[in-house]
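All remarks here apply to the structure that follows.
For reference, chains read A, B, C, D and E in written order, and residue numbers begin at 1 within each chain.
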Amino acid sequence: MSVTLTVGVLLFLSLAGFWLGRSRAVAVAGGRVATLHSVPVYYGSYVALWAGLPALVLVLAWLALRSPVMEWLVLDGLTPDQVEAWARVMLAPAELDTLLANIADEAQALTQTHRQLLLININNLAAGQPQYVNAAVIDALAPAAAHLNQLRTLADWTLFGFVVALAGGALAYTWSRISPELRARNNVERIVTWLLILCSVIAVFTTVGIVMSLLFESVRFFTKVPVTEFLFGLHWSPQTAIRADQVGSSGAFGAVPLFTGTLLIATIAMIVAAPVGLMSAIYLSEYAPKRVRSLVKPVLEILAGVPTVVYGFFAILTVAPFIRDVGAAMGIPISSQSALAAGVVMGVMIVPFVSSLADDVITAVPQSLRDGSLGLGATRSETIKQVVLPAALPGIVGAMLLAVSRAIGETMIVVMAAGLQANLTLNPLASVTTVTVQIKSILVGDQEFDSAKTLSVFALGLVLFLVTLALNVIALRIVQKYREKYD
Amino acid sequence: MDSMTLNKPEQAATTTQPVKVSARDVKVYYGAKRALHGVNVDIYQNEVLALIGPSGCGKSTFLRTINRMNDTIDICRVEGLITLDGHDIYDPRLDVVQLRARIGMVFQKPNPFPKSIYENIIYGPKLHGLATRKDEFDAIVETSLKRAGLWNEVKDRLHEPGTGLSGGQQQRLCIARAVAVSPEVILMDEPCSALDPIATAHIEELIDELRESFTIAIVTHNMQQAARVSQRTAFFHLGDLVEVGDTEEIFTNPRDERTQGYITGRYG
Amino acid sequence: MTEIAEPMQTAAPVSFHTGEAATRRLKARYAAERRFRIYGILAILFACVMLFILLFTLLKEGTSAFFQTEVKLAITMDAGTIDPRGTGNPAQWDRGAFQDLVSDALYKEFPEVTARLERRDLRGLVSPVAGVWVGRLLDKDPSLVGQTIEMWLPASDGINQIVKGSIDRSLPESQRRIGDRQLGWFDALDERGDVRMAFNTTFFTSSDSNYPELAGLFGAAVGTLLTMLVTLAISLPIGVAAAVYLEEFAPKNRLTDLIEVNINNLAAVPSIVFGLLGLAVFLNFFGMPRSAPLVGGLVLGLLVLPTIIIASRAALKAVPPSIREAALGMGASRLQTVLHHVLPLAMPGIMTGTIIGMAHAVGETAPLLMIGMNAFVTSAPTSLLDSSSVLPVQIFIWADKPERGFVELTSAAILVLLTFLIMMNGAAIWLRKKFERRW
Amino acid sequence: AAARDQIRIVGSSTVFPFTSTVVERFGQTTKFAAPILESTGTGGGMKLFCSGVGADFPDATGASRAMKASEYDSCQKNGVEQITELVIGYDGIGFVQSKAGQSFDLTRAQLFAALAKEVEVNGQIVPNPHKTWKDVDASLPATPIEVLGPPPTSGTRDAWVELVMEPGCKEFPAIKALDKARHDAVCKTVREDGAYIEAGENDNVIVQRLVANPRAFGIFGYSYLEENQDKLHGLTIDGVAPSYETIASSQYPISRPLFVYFKNQHFGVIPGLKEFLAEYGSERAMGDEGYLADKGLVPLPADKRKASEASAQKLTPMARPAS
Amino acid sequence: MDSMTLNKPEQAATTTQPVKVSARDVKVYYGAKRALHGVNVDIYQNEVLALIGPSGCGKSTFLRTINRMNDTIDICRVEGLITLDGHDIYDPRLDVVQLRARIGMVFQKPNPFPKSIYENIIYGPKLHGLATRKDEFDAIVETSLKRAGLWNEVKDRLHEPGTGLSGGQQQRLCIARAVAVSPEVILMDEPCSALDPIATAHIEELIDELRESFTIAIVTHNMQQAARVSQRTAFFHLGDLVEVGDTEEIFTNPRDERTQGYITGRYG
């Protein structure tokens, strides 16, 4: 009885519960459905949810625990002889000696390493792949493999039993409780509300997870590099030694140039994307014929899906040389990896974030408001600027925020187009680097993995997280202040 | 346009005023459905024309046709001729924006902007450059709100959102907003439907006062109101303009029996 | 017309709105209107032109990848070479030697070439992995062993590039990998009609390879499909549920403000950090396998979650309160109100969020590098737990390959990814249109 | 830990193309499933490799530099006690330029003078004042110094410093006279004023940028140079031009060895691992005529290759590295 | 709730019917602004209570308090006690949804769902399981629309959107929608404001008919209408419930002078 099948049975029970609950509700109402507290569907859902959810939680919990428990049992079940037979073949002489010395007390004799190695062999055997196991140990391990398979079957059947019992019991109980007075809707809605809460908390968990995965390493980083130097240092050059005999050249960890670089590029991107996106959205929702709108909107959305690597190429091979040529023609020297090129291309990428989302909220503004304004003799553009846009403001700001966020978080375009030089400048024609670029290139680079340089990645991530947090708090305040609720 | 010659407007020219708005054989369609079947009517300068008729007969539709608000409804199509001061308002060269500035409108469902009361009022004047300085705007806000009889109720909360007003207050706000731009013609779609008698009286006074300088068309379901404020009345029925004439005559001596039925219905 | 012009055309009363100042003003306002509209058109044009340039470049570079130069050779399926131990069991074949069959066929074609170095050059005409094709044929029909079969085999990358013109054959010999001698042999083959340009089916049926002529997208495409399924299954329901809770149910207080800020902030977290999260949580903590579509899908799901939540919230906010009042007043519960009225009206916005979010996910590379989805996998995944690559990562990897053949393959892969994206969005766009209305 | 029937390999992106070729061949020609190979960077690969023994951990890792003592220790700590080191060949690093560019010969000392952060001018150590090649040496053309090279996070950069900058800096007496720490700092620091552009990420992009800008130079692996012979050429360094032969014979000064490390404890446990190592170390792969050579790997000299092959067969565990 | 004992409702119990809805010292705040200052009123079973008073005096607010529609306005806060059949409706254990199903509401601004007319009507019955089969629904749609006097106008376009109707039609649609679920109490906020006399008569007949089985509270600005349809009338002024009593008495012999002023205002 595999887990998949168990889940299948569970699903079936749940569905059956729905049907049973529903029909019983109709039955107890004697056909006069209106006498029920809730509509029959709710009685069905009530039974289905109670039959399904607890048992599902059980299955999930079991899935998490299954492997460790069973492996522990299997290893525990090995006799010293079997272990010895295995060790004689598989272990180096030195290890073998220590193992044999302790063989009586198996728990001590087997190191974590041995356990892992044993497990691979046993697992492969149990999975029916003896060809992958050294022929000499097959005999010794065959019982363990059989044991494992036996345990698995047993465990799966137990689970199946439990699940059926739990689901069936819940089904029967809830089913028997069905009466016209039962507040099935309230019950179901409470469950659903809790599920909804759970969903919104997932976002919070994600944040917690991110902070956690950044925090510890960041703390380690800050023991090597002072926080103040990191936050306020004006020089970023993580050329620390890759090997001990090398010299970490300047090895400066001042993150300010990275943050200005990030902001510079994000700003350029928004200078492109905000007007282009917003004007496109306005044109599409207010001026363009329906057909044009239904064509252009999805076309623009393609822009959001072009792989960022492609944009990277586009920036460095098409846009950057173009900008440089224009600059050269005007006698301005422009770096071939200018922030401008990266920013513009990134702006193009996030255009649909603004255009599509804004288009939707603009379309949602009730017609009566437009009528009110047009009726006063406003032109269309005046209506849009003064009535429609303010009414759609929360959604538009949301779209803008999303676009900014995307710009700040984007990696590949800047990695390719903006370069790696941490210049502290606000000149869009110079080459700058961003936080994400440093994170990416340090993480997949060839450096040692616990040097200050690697750890700086986590600190960068953390600080970027805090910076955007601050930006978002401000944005929230603004939106709350200017929100215009229509209707 | 050949139907134009068919039926000469069936109204006696009781006023000596020039014709301000004139409709000839106006037909309006919503998709395939015809909402108006050839309406002919003139509205004279400085008069109040009341439009009455059962619900769904096309009063609002006609009103919206006059200042081309129907342009905003995709499926809506207008045939026939409507003129303002003798100029075809559906002339492609005509400027809709100016038209709508000249023909103001109060909608049937109050639709205040989700802005403050103050901003709701100065929206129009600002657009048309009627004022530039803060004190001018303040003055406009005050007079408009006073005219609509809303001033006392909202003078302390001018900067709160207009959408937080009661139904009747919203309606008066919309009237004040329309009046603030001083249009030449004002179209009012049941301006008093949500108003209590006192406020209604106030609006009726306003209408009387506005008539001095403007031309007004008003939709109402209240016969007494029609009788009180209007010089002439037009009766619509199922998309037809059944009858238009002096208010007194319509109410006392209607020519068409449908009018008669409606007027003398249980609720005179 | 005449009749209407008639009615007592006294001098039209001078209204403020027809006065000279107003007319002048109006002119300015109209100019503003026109400008506004032009900005709109320009904006759209700008975006479209950018897209066009992008697509055009890709098409220009990518289409040639759909074709492959092939050479016809008579392969002798020498039993001794194929099955040196003579077991007759295909599992015991010396597959490494299949390439030798191809080389032998070449030697036979040009018997005059005998010197060791010359022969080396001669072998360079055909793909160094041409033996794979021989293997495939033999696997299909083991009875061919011992026979001589004429086969179309892919030319080597260098030859392929020269035929397609991306390397100029008029360059001096020292500047190209294919020497004059090799060109001579190739031309000889060509004259005999033993060269053709064929549709590159390999590109669609096989997975990653180090040899451009053997490299395909199938594995990555399947990987992308599986990953996107997980992503969608995670992010859409959770995202919409979270948005509904926050917008329709949650009390408006500090806590929900916090959650809101937190979600907005999540959208700004660099995607690569999500990779770190996936590494820490899914791989290290939950012990899920590396490189698996399941993990990739989970990470991308979390990545696009904020996008979907934010878009959905904006869409929910835009539904007028009167609709909710109407439903509540009818005795609908909040949940019913949301399900029956608010969500359907917010659906277009939610779909947009989903489209953009999924588009983001389908093109995302960086976080997948962290969880090992840049693996070199030569077979397509068959389950969510198999190792696999995805299209954008494949593109990323190919873009960095030294072999020239991969340049066109990269562009072609991007085209495929875009097709994938368009198909994915197509469904959502269709749904969105169904829900769209103005009220 | 589930049953595992595939080898897992991680490691350097420089080694990646070579390992992946072996992987592919291995999958095509043996009954074993093709190993799963990931490019994680040398450091990341080491971290994964050394995290432990068992089905959850990779069996081998590629490195563009030798394993460090600290990494070795971390391996030991996590139970990865025996490691086999396989030197697979050399990777040449070229100093290249567009065919359209004006070519000239260089010495490592000149390269040092052009690229170091601080250089010796008239016996003084000063921040690098050289703007054009002519400033470096009067015999060179007066074109501005513009070099696209790997970022400090890259192993190639590391190798460049070790193979070019350090030997180059020996030519300057005043630098030699400095105390050790200062001497190292001067010798190993690359200038950060824009003449050296950290390009990184994608070598094909560097190729394109070089073609577009004939005055710029690039630093990258020999395999890219070989593939793009129609567009680029490698400059002669210390009188030797980069070529397959000069790198193999160690005449060309800038080349480094590449490594793959295997976990001994996994041999016999992970199906096919031993066979994979054998394939990697075989003449068919690493030999002069091997398929890795076709991919741009410069084979080891015959004697070293013998040693490598032997260690691949004997699985001799490596000793703790000196540093 | 000690205030309950303070002021006994100031109305004579003219009916023998039990009290259906009872309000004691109800105060409603919008943010800091107080919209109702302690309202005490009982609504008896099977009676029609008319709420009159100038615009903005709190009639809608009071109505919305009775079925807890004010819960949806963030800034709104209610104090005091309101009971339905003796149960406190602000009791946290109370199920608001059920409450609203029992106390139906027609809003001041018509708000049809952006769905078809048919769906607008069957929404409630479906929700509450009043019907299950298609023919049952058809029957409900037909009777409800007929009761609201809309059937003839829309019977051919039942599947067109309800938002495409004229103002008065929308209002009647909302009435039909509310009636379709047969609540115990129906709250109507100016149900006839956009209706012509004939439609109004229709609705008034409907109200009369509904009174047989339901309890009705109706806001109106039309004194005649209040007089025609209601048994008792409550007069609100600036957030105060000034007076409540038999309709006849209120209209002929009001006790409070504010009532007097309002009633005998220019528009009797």
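Methods note: contacts are C-beta pairs under 8 Å (C-beta built on N, C-alpha and C of every residue); 3 or more make two chains touch, one makes a residue touch a chain.
Everything numeric here is computed off the predicted structure, so don't read it as measured data.
Any chain that touches subunit A and also touches subunit B is listed here: C, E. Separation of subunit A from subunit C in touch steps, taking the shortest path, is 1.
The most distant chain from subunit A, with centres taken as the mean of CA atoms, is B.
When each chain is reduced to the mean of its CA atoms, the one lying nearest the mean of all protein CA atoms is A.
A straight line joining the Cα centres of subunit B and subunit D is 83 Å long.
Rounded to whole angstrom units, the spacing between the C-alpha centres of subunit A and subunit E is 50. Per-chain CA centroids place subunit C at a distance of 31 Å from subunit D.
Residue positions of subunit D touching 2 or more other chains, listed in rising order: 13, 39-40, 56, 202.
Residues of subunit B in contact with at least two other chains: 97-98, 101-102, 109, 127-128, 183.
Chain contacts: subunit C has residues 17, 29-30, 321-322, 333, 345, 399, 439 touching two or more partner chains.
Pairs of chains in mutual contact: A-B, A-C, A-D, A-E, B-C, B-E, C-D, C-E.
Interface residues of subunit D, counted against subunit A in their complex, comprise 1-5, 12-14, 39-44, 46-47, 52-56, 63-65, 68-71, 79-82, 117, 151-155, 158, 161, 181, 184-185, 188-190, 192, 194, 197-202, 205, 208-209, 212-213, 264-266, 268-272, 323. Looking at the complex, you find that subunit A touches subunit B at residues 290, 366-379, 382, 386-387, 390-391, 484-487.
Of all residues in subunit C, only 91, 94-96, 120, 128-129, 131-132, 135, 167-168, 171, 174-177, 209-211, 287, 290-291, 372, 374-379, 387, 397, 399-404, 407 touch subunit D in the complex they form. The residues of subunit A lying in touch with subunit E in their complex are 33-34, 36-40, 183, 185-186. Contact residues of subunit B toward subunit A in the complex are 67, 69, 72, 74, 97-102, 104-105, 107, 109, 111-115, 123-124, 127-128, 161, 163, 174, 177-178, 181, 183.
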